[in-house]
Amino acid sequence: MSKLNNLFRNLKKNKKSAFVGFVTTGDPNYASSKAIMKEMTKYCQIIEAGVAFSTSTSDSPIIMEANDRAIKSGMNLDKTFKLVKEVIVETKTDTCFILMTYLNPIVVYGIKKFINMSKSVGIAGLIIVDSNLNSPEEKLLLKGLTKKGIGYTKIISPTNSEKFIQQSIRNTKNSFIYITTYAGLTGSKNVNLKNVKKLISKVKKYSKEVPTGVGFGVKTTKHVKQVSKYADAVICGSSIVNKIKVGHEKKFSAKKLAKFIGKYVKTLSAGAR
Amino acid sequence: MKIDPFKELNPPTKDGYWINKKTKERFGGAYISSLLVPNLKRVEKGFFKAIKDKKFMKELNEELETFIGVNTPIHFSPELTKLAGGEKKGKIFLKRTDLHTNHSHKPVSAYSCCKLAKYLGFKKILTETGAFQNGRAVASACAALGLDLDIYVGANDAKKLAINKDISALHGANIIEVHDSTKSLLPAMAAALRAFQSEPDSMYVVGSVAGPHPYPLMVRTFGSVIGRITKKQFKNLVGKDPSTIFSVCGGGSNMLCISYPYLKTKSTKIYAVESAGKGLKTGKHGATIGGGGKMGILLGMQSKVLLDGENIAESFTEASGLDFSSIGTEVAFLHSIGRIKFLTATDLEAKKTFMMMARKIGLICAIEACYVIHAAIKEIRKIGKPKQNHLIHLCGAGEPNVAQMMEFMKKNK
Amino acid sequence: MKIDPFKELNPPTKDGYWINKKTKERFGGAYISSLLVPNLKRVEKGFFKAIKDKKFMKELNEELETFIGVNTPIHFSPELTKLAGGEKKGKIFLKRTDLHTNHSHKPVSAYSCCKLAKYLGFKKILTETGAFQNGRAVASACAALGLDLDIYVGANDAKKLAINKDISALHGANIIEVHDSTKSLLPAMAAALRAFQSEPDSMYVVGSVAGPHPYPLMVRTFGSVIGRITKKQFKNLVGKDPSTIFSVCGGGSNMLCISYPYLKTKSTKIYAVESAGKGLKTGKHGATIGGGGKMGILLGMQSKVLLDGENIAESFTEASGLDFSSIGTEVAFLHSIGRIKFLTATDLEAKKTFMMMARKIGLICAIEACYVIHAAIKEIRKIGKPKQNHLIHLCGAGEPNVAQMMEFMKKNK
Amino acid sequence: MSKLNNLFRNLKKNKKSAFVGFVTTGDPNYASSKAIMKEMTKYCQIIEAGVAFSTSTSDSPIIMEANDRAIKSGMNLDKTFKLVKEVIVETKTDTCFILMTYLNPIVVYGIKKFINMSKSVGIAGLIIVDSNLNSPEEKLLLKGLTKKGIGYTKIISPTNSEKFIQQSIRNTKNSFIYITTYAGLTGSKNVNLKNVKKLISKVKKYSKEVPTGVGFGVKTTKHVKQVSKYADAVICGSSIVNKIKVGHEKKFSAKKLAKFIGKYVKTLSAGAR
């Protein structure tokens, strides 16, 4: 049984939701990013680790800037694997690590090699922003990941068709399905609870099993509390990344930055019931 | 001249792939976030409906003829013919796409796509631009069609003085600076696509045969009107199809626009010319094929891409229209099956060619077009034969390059 | 489209006069120093020989079609039609002369005259320019034909930043600043004529239908190719001749170029629009007819002239192409016999029209053309009738006016 | 008998040539110009008085500048007449005054009025640079001037045809015919004696009577001497006008400027035999 399945089974048992914290790996640099992620393992059941890509077609300006900081500091896929591995080994954490990335880095790295590395460092799941449901790459990935017990998450949003949602559920394997609270960019608007309820009930219509993760615009403890009433996982991205920017601009040391973010994530995650 | 109706000669799969059956390479697709899927579906459906709608196509063709002025002449150039070795190497003709409204091939697909947007009920257009060639073309179309417009431009590009930037503003376009990444064309395209995801009442319009399906297909289908007219004209003028067609290749739109109707014409060789920038060996170039680009996934499409590790490499060339780290999907496919041969010319060669064209031919050509003129003359000198007829796509006029060329002229006095 | 051969509809006397038989006014002639007489005779004789030389005319027409691109479209504008009161006032069409190489009507006569110079064995061209519209057109032609070129320009005009000045230099033209008098167009024309007197191996080329005989005759004869094509196109498009033709009038060349073939077409009313500058009453204008110009002798011709005592008055307008204190001789004649009706528009009206054209029509028009568009809409609103068809000569593109218009836009935000 | 005929008859008798000095009236201003012309009457048998015209199509840059100075100082035809009249009255000179002008000022002033005024101030002759041999204006002028005994001079140059020369001789009435030493602008080149001899013999072929005036490029006493061997009148223009510019730029008073020019003209005119 996969790590993520395990997690959601336990959460369900305890009638709790997972708190998912997003960061870009290597933001603002390797050392600080590592310290931050280590600190975050204390409060996050899942860490969504974004792989910096310069030509992102779906991220908010806040995350675009994080990508720029990470790329400037020399990040790439190999370093991302190394970073995640070190965090897991050094913390011995139960926190699940999900990689969030675009297809280009994976394709260029090699899909097979990517899956093997993911497995070997202990990655629990994968979100690929721009992987088309019907693309050959999606099929290869699905097959490879499932074989290794790594989860695969698809994203759906309020404007997607029923058919698209159905297939997205089908392609979501051993992981939660990612529901955006609005149609737009991460962090650009506030949580729309109506959308959330509607989409969750749509998902439930087609699948009783698949856990639901809800993100986009979840910025405060109150948001987390509201969303976690309905969702199995609540995802906070831009607001955490923005805090990293603040600390980075104040020239915090890795240690101080990690504490700073840890404290913030602790407050946010307290909202998850 | 009556415009021949469009005929599909090289259909992609229904998911928008062109597949090389030998190598199994797939070019195209739609690699986009789920949030963009509905918008793209609306455009795709609308596009297929529009091109079958006789009233829409008739109106569009009329407007392309009288507003854009697609019926540009083909000019036989005795002077260029001489430069390539005389008539024993064949005759050289220029297709005068520089004579369009807004002075390049861009307005054809820009106007057509905006017209489609209006047909589909969109109120606003989103597009990106590097040197405001596409920006200007779309701005003009939006003004003519009564659509709002946001133009995304890299903050570094926006700083440059550019007459086409001012003209876009005069047309009423809203110009949005993009501060991501390299602050140039690539992040501007990404930003426009992101905006498309946020604004469902807006339609994205791309500046070349690139981006997610159906954009490459749509741009070349609309743009091919240039080639359809050319094919007819050339037959009327010369009595047969050209032996060769040379075009420059940034994204590949002007090349596909003119060459598309010849894809199945075996007697016509098709050449594409990339910018070798400061020289292929320096690494500072914009030659995706000539510079060894690899398969990658960029801006929603799978194509050949200049890579820097798993990320996208920065391209470099003084021709802002060629400053792109990838090429159109169908173009990459046609190269992979051997239908299009690729050449390169350096920035310096292009600038010298610009001066030659100004001095000896009397034309101020877009710097982009000067790469192809240089490479074509060189190639024709090698491969030309008597009674051949060579067609060079003069894809734009050079007003935007005047400041840059004045500096070059002063330095080289 | 085949170009109809030229037909003489309004011949001057053999000394180059058009005579109003009622008033006895004489327009034209050749008022030049004895030293210029032989040069003018050579041009005159050569011109009459050339236009009868079938090979010369065939070649010229081909080059005008494929190099200058005279076969520009006629565009029906629903938007302008609406602005003038809708179809109950008739339909409004634009002749797209802005789509020529070098983006105005000037290149047609410039290229033809330079071609004639080459035919006659001249090695070099002399011309004058105000805002480098004519300068650029002649520079392009000289480059294409392998002729040397001196462009005379008033020192004040030369100081202004102008893209067409740089383009003239890129074409290899030698630019000579004139420091006489007002340091503007008039002394530049005088200087070019003086140089013609000193350099017998050079041929003078004038930028409008002005100057000593045979220049006005020659420029309108060559330029009328625009009108001959228009007449045929319009008949094909609409089924009959236009009810009205509107053109702007600086010297009057673009007006005669398009209207000439209609001189004997009684059903077609011809309108010319002058620049009223800051307003006719302020005295700061460029309206020779509208501003009460008198008979005078200027630059070798007898015509209507804006006078300041016995000297020439300075004209004033923000449209450099209209900044001229006289009008062409045949134009003045046609006005005197009532064939052409004159209107005016102010600089401010023209600038507002520029913005309207950019925003609502999607075209960047030469500021000169904006005077006529404004006046035409106003007049059509008054005189238009159902089933009429109005033709406006869009005689140039507005790239040279972009800086000026950006300032206007910023001030008027 | 006209003034100019008289002059040339006397010169012929004495085997002498006339010295003709050119100035633009009102250059650099009314007062100075008047003083200069008064002074010049001492050395010139003929003064060619140019009427400033802004759009001259045949003058050298030096004379163009003189035109600009005169126009700026407010000159026009009425003032020119006044100026010439004052000079004649105040000096009681025998010097003949010839007006050199373009057609526009005359046409605008009115041909008839112009001739009457010329007569009344005592103008001896007229040169119109841009009057076409066959123009109606030429015919009107010829008729009017001849009636009043005012001379009319045509200009011929080395590139003119025989036919043109013949007709120019015919249109030259009661005055000399103006022969340019080269084809070009006044003052732009040096005297070409070969041309002079050739043109004079051409003129003589068609008319034994008409006096010959030679100008263009006559800049030094030596030139004057050389030319006066062949010509009945020697015309100096640009070199005198240039001297006026020099004196004007040195801010000379009217009196000083007049002396300065007088001295120069004296030297030049000494060349005429």
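A, B, C and D label the chains in the order they appear, each numbered from 1.
Everything that follows uses one rule, which is that a residue touches a chain if its C-beta (ideal position, glycine included) is under 8 Å from a C-beta of that chain, and two chains touch if they have at least 3 such contacts.
These figures come from a predicted structure and were not determined experimentally.
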Chains touching both chain C and chain D: none
Chain at maximum distance from chain D, centres defined as averaged CA atoms: A
Inter-chain centre distance, chain A versus chain C - centres from mean C-alpha coordinates, in Å: 67
Gap in Å, rounded to a whole number, between the CA centres of chain C and chain B: 35
Distance between the centres, which are taken as Cα means, of chain D and chain A, whole angstrom: 97
Chain contact graph, described as a line, ring, star, complete graph or other shape: line
Sites on chain A touched by chain B in the complex: 52-59, 61, 64-65, 67-68, 71, 76-77, 102-109, 129-132, 134-137, 154-157, 159-161, 164, 168, 180, 183-185, 188
Residues of chain B defined as touching chain C within the complex: 65-67, 69, 71-76, 96, 98-101, 139-146, 163, 166-167, 169-172, 355, 358-364, 399, 402-403, 405-406, 409
Complex contacts: residues of chain C adjacent to chain D: 15, 26, 29-39, 41, 179-182, 186-187, 189-190, 193-194, 197-198, 200, 294-300, 302, 305, 307, 309-312
